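Listed below are the structures to be examined.
Two complexes, one shared chain (chain A), two partners (chain B, chain C).
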Partner chain A sequence: MSEPKTIWEKMQSVPSVYLQAILLLTIVVPLLTMVSFPSAPTTPTKRYYDFVMSLPEGSVVIFDSQMGGFNYGDCAPGCAATMRLVLSAPNKLKLIVLFESSDGPMFWDIMKKDFGVGLPPGKKYGDDYVELLWYTGGERGVAAFCSNFRSIFPEDRYGTPADKLPAMKNVLSAKDFGVVIASTSLTSLVDDYMRQAYARYGTPLLFDPAGMTVMSVIPYYPFAVKGYLLGLSGGAQLEAMLGSTSLGTKMGNAFSMMSLYSFVLAIIGIVTGYMVKRGRR
Partner chain B sequence: MTIAEIIAIWAPIITVILALSFVFADWPGWRFIETLLIGGGAGHGVVSGLRTIQAQIITPISNGSYIIIPAVIIGVLLYFIHMPQRYRWIQRYGYIWIVGTGLGIVVSTMLQGNILPVIKESISIVGPTPGDYFNQFLSLITFVTVLTYFIFAMEHKGVLGGVARVGRNFLMIAFGLGFSTLLMTYYGVLLERIMWILRALGFTIM
Partner chain C sequence: MTFLTDPAVRYWGGVITSWSSLASTTATFVGTIVLLKYHLPRIKNKSEKPIKHQWFYSLLTMSIMAVFVVTGLIYGMTSSTYQWLYQSWYSPITGLLNAVSAFFAVSAIYRAFRIRTLESAMLVIPALIILLYDSPLGAGMLSIFPGMTQLAEYIFTYTGPSAFRGFILACACGTMILSIRTIFGKEKGFLPAEEASVPTG
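The block that comes next holds the complex of A and B.
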């Protein structure tokens, strides 16, 4: 390859290791310093928040977590913020968490520890909050628990029978769900809930999808899907709306800086590419 | 700090750093991590499967839920694919159940759950803000033009060709958006891992 001559060619031949080192700095600096970016909630985030707040008193919120090793960084801030939102909402909501895979409970525990989420004062496990196990079979599993909740979840993850958990007292099918919230990077899970919960029972849906899944959610927004959190940044926005600034906000700041850096690089790449091509003509 | 605690902190840090080293070079350290990931993933899959069998089959049956036994038998039929050739036909009965129930629950709700909601979202021009009106209008235009692009019964010429070209541009925007959202997820995962390393090394996330 010939030596770069113009400024544009020199820019194109900058070793990628420098660019990657700067990318690392864009992550580390916001995490370790007070650098912060404004985080205005988007309309889907506001609707997500408003919908939970407007649920009738005592409604049951089903939270399906597909959070695992692959999507933890993207989904965990939204899961933490949602848990805070539901358990602190004045309309006395009951949160029932269930999982899509067997490692779900483990990652849920990690999320609670990392983000410092727990039961707020006055809330009690069993009365206001329940953690179940995981279901199997994909859409068949969703269809099964939407029609008969107890058949798939006869007990919680600690082995307590559903009959002894007040939060699950009248939860027999999807008709009894106030809303289903799913945190997922599976595009198929969005369709599963659309078909089995929304189409069959009219259950409203909210999503906390990983960034890569949001394109499967948007076609159903805002009628069937009442709101959604766009990955990590959506979780940070919801956290800011709740007035707390924990790990999600810091991650949101780092994410904004990474995104800004990538955006600038993309623009520079397009301009230099165009200029080099023009210079060769 | 005990040796176990030191290993618990440093083993993940080293594996993450080795995994990220692929950005700079393909070297034995990276290949070790690649192999470790595949082996670890297989091991995790086996353990997850065993836990699922224990939680979803053994425990319910031992608690008296004998109703799931037929389903277990149907599931076991699938393993006949690993049997000698003359017994393999038996696994088809397992697949018949899976495909049949899968199609049954999907097809019966697809119209109301997928097709109609998307059409409704695309053609309804409602919303509390002017931005919503604009978004819905844009969705309608996208919906019509992209559908037009997939009309193959007529040659894409004249008005049809023009509309189809607009649809093709919308498709390209969607593919670009899909790539960028994928990048978002990767960034989120990278960010969380680096944050985890910083915390493990004793840094305070401010």
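The block that comes next holds the complex of A and C.
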């Protein structure tokens, strides 16, 4: 290959390691410093927030977390912001968390620690908030607990029977759910809840989908799915709407910087590519 | 199945879904046997194929699998020992694998995004708009320009999911065809070269 001659050719042949080093800086700097960027919540995020706030007083919110090691970055900010939103909503909502896989409880604990979320003053475990274990069998599992909640979750993750948990007192089937929120990177889970909760019982849905999973959510929005958080970005937006600035905001800032850097690189790449091609004519 | 109301179709859809749960559990078991069959001879023969020090990597794979299986069987998946293994080993590794892809993506964006034809412009321009829309700061920047947020939401709400549905349908059809070919022994791409060349039936 011949040596690059023009400035455009030199720009095109910049070694990847330099581009990657700048990327590292764009991610690390916002995480280490509390740089504050303005952010505008998108319409689905606003609808997500509004729907939770407009639920009837004392409604039960079922939160299905599929958060694991591979989608933690995308799902955790939304999970943390949703937990804050539901437990601090003035309509006295009850939050019941359950998991799609056996590693769910572990990652839920990690999320609570990383993002510093817990029960706000005046809220009590068992009365306002319950953590269950995981269900198995994919759609069969969802169908089973939608028709008979106690058959799959007879006790919470600490072994307390459901009868002794006031938050679960009248929660017998999906008819008793005010809303189901699922944080997931499984496209199939979206259809599972559509078929088993919305189609059979009319239970409204909200989603915190990771990455491309959002493409499976959008066809049902805004009718069955009342709103959604667009992965990490949506989680950071919801956090900003709640007026808190924890790890979600920092992660959102890092993601913003990374996206902006990618955008600038793409534009430079397109321009240099065009100029090199033009110079060769 | 969401869009079909016929009871027979819905019934068989449910039955096949149950089969798939059973098949995936069985596949995990079969997968473990295949993994053992692949790696154990390589450790025994101190194999340097297909890559240098293959026997060492095979040993590493088998050891990690053994540690997880034995710990899970002895202490249980909810034990603190298993959780420590999961949180300290599995979780950082999966996170790392995802994170590393960002570094390759940046390099690819710089070198591969080119507008040479109208078709490529139709791909690249919406991609750049969505790149901004997908981040909190970018969404804020788009809102400065009148109509840009609406355009991004239109692309994201209508164009993207339509293409994605087509993609999912194509993948599903491809998977079914591949499965049928594999069951009937017509598909041998997954076999080593010497076994793939042996004619069947």
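The rule we apply is simple: the second predicted complex is superposed on the first by the 279 of 281 C-alpha atoms of A that agree within 3 Å, B and C clash if a C-alpha of one lies under 4 Å from a C-alpha of the other, contacts with A are read in each partner's own complex, and residues count from 1 in each chain.
In this text, contacts are C-beta pairs under 8 Å (C-beta built on N, C-alpha and C of every residue); 3 or more make two chains touch, one makes a residue touch a chain.
As the structure is a prediction and not an experimental result, all values here were calculated from the model.
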Check: Is the arrangement of chain B and chain C around the shared chain A a clash or a fit after superposition?
Finding: clash
Note to self: On the A-aligned overlay, A:V61 touches which partner chain: chain B = first, chain C = second, or both, or neither?
What the structure shows: neither
Notebook entry, point to check: Touching A:L87, do we find chain B (first), chain C (second), both, or neither?
Noted result: neither
Next item on the list: Identify the partner contact of A:T33: answer first if only chain B is touched, second if only chain C is, both if each is, neither if none is.
Entry: first
Margin query: Contacts for A:V130 in the overlay, against chain B (first) and chain C (second): which applies, first, second, both or neither?
Written below: neither
Note to self: On the A-aligned overlay, A:I181 touches which partner chain: chain B = first, chain C = second, or both, or neither?
What the structure shows: neither
Note to self: Touch test for A:S256: chain B only (first), chain C only (second), both, or neither?
What the structure shows: second
Check: In the superposed arrangement, which partner chain does A:D191 touch: chain B (first), chain C (second), both, or neither?
Finding: both
Next item on the list: Considering only touches as defined above, state whether A:R200 meets chain B (first), chain C (second), both or neither.
Entry: first
Notebook entry, point to check: In the superposed arrangement, which partner chain does A:L247 touch: chain B (first), chain C (second), both, or neither?
Noted result: first
Note to self: Can you tell me which of the listed chain C stretches (2-10, 38-46, 128-136 or 182-190) runs into chain B once everything is aligned on A?
What the structure shows: 2-10
Note to self: Quick check on my understanding: which residues of chain A belong to both its chain B contact set and its chain C contact set?
What the structure shows: 16, 20, 24, 27, 43, 70, 72-73, 102-103, 139-140, 191, 194-195, 199, 212, 215, 219, 221, 230-231, 233, 255, 258-259, 262
Check: How about chain B: which of its residues touch chain A in the complex?
Finding: 23-24, 44, 48, 51-52, 55-56, 60, 63, 65, 101-102, 105-106, 109-110, 112-114, 117-118, 120-122, 124, 127, 129, 131-132, 174, 177-178, 181-185, 187-195, 198, 203-206
Item checked: chain C-facing residues of chain A, complex -> 12, 14, 16, 19-20, 23-24, 27, 37-43, 68-70, 72-73, 102-103, 105-107, 110, 137-140, 187, 191, 194-195, 199, 212, 215-216, 218-219, 221, 230-231, 233, 236-237, 240, 252-253, 255-263, 265-270, 273-274, 277
Next item on the list: Sort out for me which residues of chain C touch chain A in the complex.
Entry: 1-2, 17-18, 20-21, 77-78, 83, 86-87, 90-95, 97-99, 102-103, 105-107, 109-116, 124, 128, 131-140, 143, 149, 153, 156-157, 160-161, 164-165, 168
Margin query: Using the touch definition from the top, list the residues of chain A that touch chain B in their complex.
Written below: 16-17, 20, 24, 27-28, 31-34, 43, 70-74, 76, 101-103, 133-134, 136, 139-140, 143, 154, 185, 191, 194-196, 198-200, 210-215, 219-224, 230-233, 247, 250-251, 254-255, 258-259, 262
